[in-house]
Amino acid sequence: MSLKTVADIATGEELLHVDDISLSFGGVKAIQDISFDITKGEIRAIIGPNGAGKTSMLNVINGFYHPQVGTITFLGEERRKMRPYMAACQGISRTFQNVALFAGMSTLDNIMAGRSLKMHKNFFWQMFRYGPALNEEIEHRRAVEEIIDFLEIEPIRKTPVGQLPYGLQKRVELGRALAAEPSLLLLDEPMAGMNLEEKEDMSRFIIDVNQQFGTTIALIEHDMGVVMDLADRIVVLDYGKKIADGLPAQVQADQNVIDAYLGVAH
Amino acid sequence: MFYREAGQFKTTYKADQAIFPIFQDRMAIAIYLLIAFVAIPVFGNDFFITSMMIPFLIFSLAAIGLNILVGYTGQISLGTGAFMGVGAYACYKLTTIFPDINIIVLIISSGFFSAVIGMLFGLPSLRIKGFYLVVTTLAAQFFLEWCFIRIPWLYNYNDSGAIEVPQREVFGIIATGASATPTTRYLIVLAIVVVMTWIASNIIHGRIGRAWMMIRDMDIAAELMGIRPLNAKLSAFAVSSFYCGVAGAMMVFFWLGAAEVESFDINHSFLILFMVVIGGLGSLVGSFLGAAFIWILPVILRAIPRTFGLDINAATIEHVNFMIIGGLIIFFLIVEPHGLARLWGLAKQKLRVWPFPY
Amino acid sequence: MFKKLIFGAVAVAMVSGAQVNNAYAEDTLYLPSLSYRTGPYAGGGVPIANGFSDYMTMLNERDGGIGGVKVVVEECETGYNSQKGVECYESTKSKNALVYNPMSTGITLQLVPKAPVDQIPVFSMGYGLSATAVGEKFPWGFNYPTTYWSQLSAILKYIDSKGGVKGKKIGYIYLDVGYGREPLPLLEKLSKSMGFSIARFPVAGKEMQNQSSHWLNVRKEKPDWMIMWGWGAMNSTAIKEAAKIRFPMDHFIGNWWAGADADLAPVGKIGKGYLAANFSGIGTDFPAIKDIFTHVLDAGKSTQTTDRDQVGDVLYNRAVANAVIVAEAIMAAQKSTGKKVINGADMRLGLETFNLSADRLKELGLEGFMAPIKASCKDHEGGGGIFVQQWNGSAWEKISEPISPETDVIRPLLEEAAAKYIADKPDWKTQTCS
Amino acid sequence: MELLKGIFQYPFEEMANGPAFLLQVLWEGFVAGTLYSLLALGFVLIFKASGVFNFAQGIMVVFAALSLVGFHAAGLPAYVSLFLALAVMGALAWTVERVVLRKLVNQPDLILFMATIGLSYFLIGFGEFIFGGEPKSMITEELGLPTGSSVIDIFDDIVILQHLDIAAALIAAILVIGLALFFSKTRIGRALRAVADDHQAALSVGISLNQIWAIVWFAAGIVALATGIMWGARSDVSFALQIVALKALPVLILGGFTSVPGAIIGGLIVGFSEKLFEVYWGGLLGGGVEGWFAYVVALIFLLFRPQGLFGEKIIERV
């Protein structure tokens, strides 16, 4: 459903490149020798059966896990080991498989939290909530309100997120990730556990984010229909290995992928 | 009926981001302040001011300090008593070295010393969580208690090992020492507590407070949002210990008049933790409610049997007090983990819709 | 809710205010008793609180009070905690409290500076700030019959009489709070003048039941004598540990807070030979104590539930001695002011003028119960001597004659300490004694 | 220079010159360590089964010992009192499970931890209310525990071994072995280990969590009673014990919160090291370092090995 053409993506500037990544916990190999790239402006999907290493891959990208082997190049800069907040500083933002909102805070505060990196006013002004600190607060409130409008969650602005239904929580989480104005947005199963209507809403938001803000998105998703519709390119993982990489149509036709999903013995 | 927000439209984000967006709340605050600053000094007797209001305010401040750490940042501490002690001993040393500097300035400065010590013992919190942290704060508690005894320099080599508050004046009025009037001491304590509560509220509602709450609610997500755990946790330890330190210094200078190490022992750490839990984790109002509750409960327990003409052993009352506090801690944790502050909120909610049930 | 709390608080304040009226509007003598029946030191606190209140009740029942005025004893629980002690003080002082017996050195230290302001004397009997013995500097502080410093010198004198202290090593094991540290400066000074060496063994409050390493250190240091300034559960633990390392019990001497029945009862036979200082009588063999049985316990008038076995205990009797001094001082105050209902300032005068002579003690039915004390403006410790008692495995026995302290050595030191205490207190009121 | 010698030279000279005394110090460390281990064992049992860090273990020790002494003081024979004290601990376990734990299932650890602080406060008040606050002596002889001591002549000096301490070590060993057998050989023990691994999974295979919790709290109560008897016999039974009981925390940091052997070894490490440090190095700092030494060791340890000696490395997931 994307308006971009294959040619756009092929000529697109490379945003992120992972090279020969291997990650293991004790003896368990979660990821083995995986390489792929993400170009600017695309929606890149990572799919695979359960335990394929998809979430581990996202965790590697945003610095939560440190791969034993391999490198990650983001915005032309190669890095090996970094703390997650540094990934955030570079412009990588994400949502989580199991909603990881700040349960004790309101929707507004959660999305404001996404703008943490953009707020700098020092302790002195914070103490008095005056002058620069107050102006900063209000300026960011304005930006947050835009996101709230965009996601159509105005009525729940002041509600503590712990009290929201699951679908809305997912939406707030997306809002929080967007608030950081990321150059790369990682979505870990944004539609898990949703009903059809909610899925449609969420798909629409993802496409809108991609097209209105031009945000590059990498997403993990189980619903094949959704993935095929949304994604520009797809990486398929199975047992920590990459088994296919390409346009939706190519991946769909790949024998390895079909085997993996149908469960052919390895 | 009087507590309505209907009709109060906010036209700017500034108005909506205000700490008390509702008019009636601002009025209520004004009334409380009026009572505290005018009515109590005028009508309260010495006992009420010295033995109820002053300790209540001081413990409220300490509870705010601990609440910043436990309630807002989710880092548990059993070292509050010792951090209060650092403030007290620091203030004592400062006023010995600089007898001419205004004592209020010194009280506030002593907070910086406990902030530094608090940060030092907060360092392990970067690698450990939950009750593992209890051990490091217990280490702080016991180690600092030992320092308060074994470093005689801290108490000016007094034979008794106690710090005794010298007489100091503020703008020509005796503010500390036995000759200071209860009202003077009360007003100074009140002013410091009000200003520091206001500052705490500002910090909590701003960028830094949000960072603390992010760490509390989901530290991993917070880090992935760009919060440096080091900065967030250490700043919480620093601010928390600062508040506790100032509270400790005020406790000795404006309330007790003299103190030995036992005034900063682990029982105080517990007491303040209880104030935070019963008052409400993550609530400034709760810190006040909790402090009032824990401090006033035994006084009421002592008064009740007497009003009915019963003579109950002082010890029995103390035992019953322990049982009630212990029971209430469990009760609140089970029924209302947000403590008295939530009950307070519910009461306000009821008031808002009164006379209808909802 | 907050409003309710404030109203509640105000109501409570009013209730306690109303009680103020109850307590002193009528003709009574109001004596607050800062007791501790809870906490780790309750073992000592219970008999003390009972002894004090039972003696006063006995005076009420037998004599109709003091000088015809009933005595009201109101207990306030401190748990041996200074902070609670101050709270108790604040809550009771406005009821025309005559005198405070803080029963804790920590609380005494807190109250000493408050006493002149509120005009209520503080009487710390044999504990508290030793320097308050200097009457000129501390008009409002009293510590009859003797101070920690005098006591220490008397103990050293006793040791000296049992083979000399010169060249010996004396171990000092103490509870590491204000109480235990009080005698340290004197110990340092005397060690130089008397020619012995010291080994210190501080026991922190929370370590007091876990003293094995302290006593390992004692074994390492090999002192010839051990002196103990202990309290509460520390005492029995220390004696047990001493027995464990085979320290000779008759070279182990406790001060008068480390020689109670409650301390030795749990130790039993293995504590045989342990010594302790004391200044109040042992046992029930005194007419006044018998009166407590007749008028209080048997008559069911005991406000506290005193165990009959407790009467005659070292600490119970010590509290009786405390009550006797207070009662004598009240009488002296009544006599000199001509008022029946006195106040704190009158009480202060009484505490400086009473004369508890041997004859008077006999009259009170307490012959030989304690050393006679003649109060004076100058000397607030009374110079009373101590005696040494020994545990025979099941009870205490008095084994020495009264030992008087080295007043001529101690007094200048006390004066020096008193001068140091008031040095940084510009408004401190002293008095001149003729 | 003198300071360096004080740290690195003199203490070792002292040890070499007085080997018998060193043995005595080590023995004292061993005995203290055994008691710390017993204390820590109570914590581990409950933590393993319910993830609750039971702050009230210390006061349970006091409470158990007080019940025992209290029943005896009421005129009952020692062994009947022992049995009744056990029953009291059982009733306590049942009540705690009913009134506290059951209501707090699935709450964050911190909430449960604070609930146990509340519980310990309640028990302090309740215990003092019933038994009074003054220290009591343990009925050592009545229980048939040995009270004498043996003297070993060695290296021209003596080492004194209290029979009571030997008995304490033996009883601790028997308790540990008994508990180990109980957990590995019985149905309830296996169920308990299942609960420790995963509450939900254990529930789904038909294990009653409530029952298990009551049982572990009871087991912890038995351990508390044993600890209380031993500790009470060494000094007194008094409420001051509950502060000493906090020493179990550093022990657990060293040994790991879920490991029974860890509790034992951690306890012994703390026992040995604090006695050695206090006796040979404490003088440099003015003595009394025992109060915090274990905590500071634990703190330093935490910085380098947060999971304890025997704990597994924690993998965080998102």
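Quick notes on this structure:
By letter and in written order, the chains are A, B, C and D; residue numbering begins at 1 in each of them.
Just so we're on the same page, a residue touches a chain if its C-beta (ideal position, glycine included) is under 8 Å from a C-beta of that chain, and two chains touch if they have at least 3 such contacts.
Note that the coordinates shown come from a computational prediction; the quantities given were computed from them, not determined experimentally.
Chains that touch both chain A and chain D are the following: B. When the C-beta contacts at B-C and at C-D are tallied, the pair with the greater total is B-C.
When every chain is reduced to the mean of its C-alpha atoms, the one closest to the centre of the whole protein set is B. Spacing of chain C relative to chain D, judged by their CA centroids, is 37 angstrom. Centre-to-centre spacing of chain B and chain D amounts to 33 Å, using the average Cα coordinate of each chain.
Chain centres here are Cα averages; for chain A and chain C they lie 73 Å apart.
Residue positions 64, 96, 100 of chain A are each in touch with at least two other chains.
Within chain C, contacts with two or more other chains are made by residues 37-38, 42, 176, 202, 204-206. Residue positions 142, 145-146, 149, 220-221, 224, 315, 318-319 of chain B each touch two or more of the other chains. Put simply, chain D touches chain C in their complex at residues 14, 18, 21, 24-25, 28, 31-32, 128, 132-137, 149, 160, 162, 231, 234-236, 238-241, 243-244, 274-275, 278-279, 282-283, 286-288, 290-291.
Contacts from chain A toward chain B in the complex involve residues 62, 64, 83-85, 87-89, 93-94, 96, 100-105, 109, 112-114, 116-117, 119, 121, 123, 126-129, 133-134, 136-138, 141-142, 145, 176, 180.
Taken together, the chain C residues at the contact with chain D in this complex read 37-40, 42-43, 45-46, 176, 200-213, 216-217, 219-220, 232-233, 236-237, 240, 244-246, 262, 265-266, 268.
On the chain C side of its complex with chain B, the touching residues are 1-2, 5-6, 8-10, 12-13, 15-17, 19, 35, 37-38, 42, 75-77, 79, 81-83, 86-87, 90-91, 94, 105-106, 109-110, 113-114, 116-117, 129, 176-178, 181-182, 184-185, 202, 204-206, 303-305, 417, 424-427. Remark: chain D residues 53, 99-100, 103-104, 107, 109-111, 113-115, 117-126, 128-129, 133, 243, 246, 249-250, 252-253, 285-286, 288-289, 291-292, 295-296, 298-299, 302-303, 306, 316, 318 touch chain B in the complex.
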